[in-house]
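Here the chain labels run A, B and C in written order, and each chain numbers its own residues starting at 1.
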């Protein structure tokens, strides 16, 4: 069925489709904001801080996932494991001092992701398959290295990544900095523009002489760095870690990316949209919690809203 | 020698070659102590097969049509809980409701995908979250026990020491799927849809109907896995098999299903599942630590990912030709 | 009572009106040709009759009754069988499975001897009697696949058979077999629609011909009552001379020199010398190697070998980036799949290859990119107002102009093109031919592969005819004529 036939079926005229979706998004955003602000306790500093802290960890990973999705590589199922493993490396290397440990953790995240990026970029291996392989290798490797034990800090200095600055949680500041840097790379640099083109049509990018493989590898490197950062922040927050630390982050991250409006096909989207996606999901969860919905209903309602938003976005993009 | 390799590594034969390879490697490690090749090992392999196999079959079917059903994990959990909750008095009722729920969820997601022309990743992701949510609501976020102990025992009782009712069920489903794919035109239509959807539609196939049916079947398979698991364990929990997606995908891919669609078969998937289960049971029977299993699975997947990569031969050919040309130029230059 | 008729069919894609108020009627045992240039609307009309598209206005009538054909299955149920222009054979299936694919009459358990035998019979009718039914389709050549499609069509229990450019990949012997099969169908009382722009075939195989031009029906005639010149006039609406700009007789020094080019598995030992300011056309059907040669020169063939030099400097094959560095520009035959970034804006598309020139330390100077995009759009005749619209909103012709815009370099180089006017409407085609001449005037060397012989004869300074990977002949402008070129590319061995 052609795209036009689909829209005709849904009663949306082709010309007005885009305007309609923008209108719906504005209304939905306003509704969420109203819903949130009218909830007792939502606007309190305590709750806002808790919200900001919570979104920082998933948010960093989601920024990384955005790059992978925009280059047309759908998603990665290994980012959560990368988060956990980087956290473990960070904790275990604290004996080299904080900068050293941070560098090692980020280097680890970058290397693990770069390896995947090269296989996906140069050989066009299937990204989900490669990420599943990496996931297994990470889990097995971590179990081998840690013997299943929790890892505790080998040194001091974790406080740099905790606490508040001017009332805002430090984690949130790192997150916002990541968002800003990520958006800058995507919109203002040459490699960012190439990434979007590669995601839009990889064959056309190759035929135009663009270095598609490097762009994909760079996207994965960024994702690895973002995941490693999230791991460091989590390690600082919880003071110890194991491989369960980042469990489930992949699904939450890709949900945030899709809710924000980045297209799963690649070639369209932005880091700012992912920020919105992260905020929307987090706000809905917090509001449901504050309004006394049981945890079960929270899951259910969040799931339904994610599904509905994804459907809405994809209708506006066509196929 | 090369010809033998070509035959063994051909797409239809490869899963079985890998399985044989896995058995061989384990036998070598075992070195005749006899731990590996015992009835007990076979039985535990088949027990694992009962669950992982059905989930892999469901996921594999969706991959055959070039889609990816992320929601299988959610269906396993939901169906298990529904069966355990409704099947106390009459176990068959629980089976009915559980499998129906799985088929319905697959059907609904398939309809959303085809009517609205959406990609399966987004829809099944939302589906996964929704199904998990429904499961949490139904169970009140607790593990639900299954008091009908007799059923649990019966399901897990060894038959001829090799299989249990659970794994026999799974095998029966596989056989049914294999026969359907081979001898009815449904099999041909599914492969055609995955191989080239546009061409199939022009040729006259109703590809939308095929995709919806495939997702319904995938949901039913995953649901049956959840039901059998719930009955077998005597309990169902909302987080029963959160990590089932990676092994199921690995099994399907080792089993010859291409993520690009259009190739694979139920028997191949069975071989892939058996390979993973043999590795897990075999390695633990020998006394190797569990993390080796993850490393081995990851390693096999990485190798397959690279070997199946579309641009692998292109890159190798281009690199080889560049090398030859450079060498020729160097030789010509030195004369 | 006509077995199939269409009345006042109109179809729009976006702002582009592809079919305007078209009506025609087809009787039993009639072989109707539908002719028109690239972009005249022939394939769209076929897609409407076969249920792939729905018309925006007008009806399809079967046996006089208005019928809504919602999808290809409906069309099949109403007795319409088609061989489409783009092949519809899923490569993973065998020949046997592909022949029966989508056939509503096939029972659930489809592994029956009767079906195998009927498939074998159909293969024999198209000349593939020796082919094993279990061969995977992806092992067949393009011509072989076309014949399998035709065999599939023959197994359909239909009253109307539609063939869209069925001979584009076939040799003369194979073409003759197809005509024989069509004669047999006609004798059985079937109605046949035959879409082609090969005028010789119209007169050889068809009773009547309808001409479409620019989406409108120009008229329907009996083939016995008109001649080739009249048919050409109906198709073009003007003389050929008005479509193609004048040639510049001064060609310059050799710019692109190809020696010993091998592109496995098709092309062997190909040589070419192309001067500045000239248009070299490699004329050939699909599978002749023409397209493969152009792609190899671009750097897209990973196993191409040979010695190529541009203005004396050697060109490294197998790398698009290296080719671009030698001032080679490429316009793909697969616009949607390889040419244009459909969801990105027109402006983004135009400057896709210029990013390093407008970036410092990796950071883009977005304003100067916008200025560059506007300049390129003006150079190829694209409306500046469209610069921020997504490229998929442009018509086929405008998308092709976009591809030309991207190919403009800072200094004249070599422009490589495959099928430059495929899917482009007549107005835009004239613009594109003008653009090609403009490139030549600025000193570019243009090498293009095309299967549209009218186009080749109209635009080329040098015609190189290709068949199955080998050069057949070379003609300077004025030496070539339609008859000889056509017989070259279908490998008709001339009578002594």
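Just so we're on the same page, a contact is a pair of C-beta atoms (placed from the backbone, for glycine too) under 8 Å apart; a residue touches a chain by one contact, two chains touch by 3 or more.
Worth saying up front: this structure is predicted, and the values here are computed from it rather than measured.
Chain centres here are C-alpha means, and the one lying farthest from chain A is C.
Taking A-C and A-B together, the pair of chains sharing more C-beta contacts is A-B.
Centroids of chain B and chain C (each the mean of its C-alpha atoms) stand 42 Å apart.
Centres computed as Cα averages put chain A at a distance of 43 Å from chain C. A straight line joining the Cα centres of chain A and chain B is 27 Å long. Each of residues 315 in chain B touches at least two other chains. Residue positions of chain C with contacts to 2 or more other chains are 71.
For chain A, residues that reach two or more other chains under the stated contact definition are 1. The touching residues of chain B, when paired with chain C in their complex, are 183-186, 188-189, 191-196, 198-206, 262-263, 314-315, 317-318, 321-322, 325.
Those residues of chain A whose C-beta lies close enough to touch chain B in the complex are 1, 3, 6, 9-10, 74-75, 77, 119, 122-126, 128-130, 132-144, 247-248, 251, 254-255, 258, 264-265, 294-304, 306-308, 310-311, 314-315, 318-319. Residue ranges of chain C in contact with chain A, taken from their complex: 53-54, 71, 298-300, 320-321, 323-324, 330, 332, 334, 337-344, 348, 352-353, 355-356, 359, 362-364, 366, 406.
Here chain A touches chain C in the complex through residues 1-2, 5, 188-191, 193-194, 196-197, 200-201, 203-211, 263, 267-268, 317, going by the rule given at the top. Note for the complex: chain C touches chain B at residues 50, 52, 71-73, 75-76, 82, 84, 86-93, 97-98, 100-104, 106-111, 152, 302-303, 305, 318-319.
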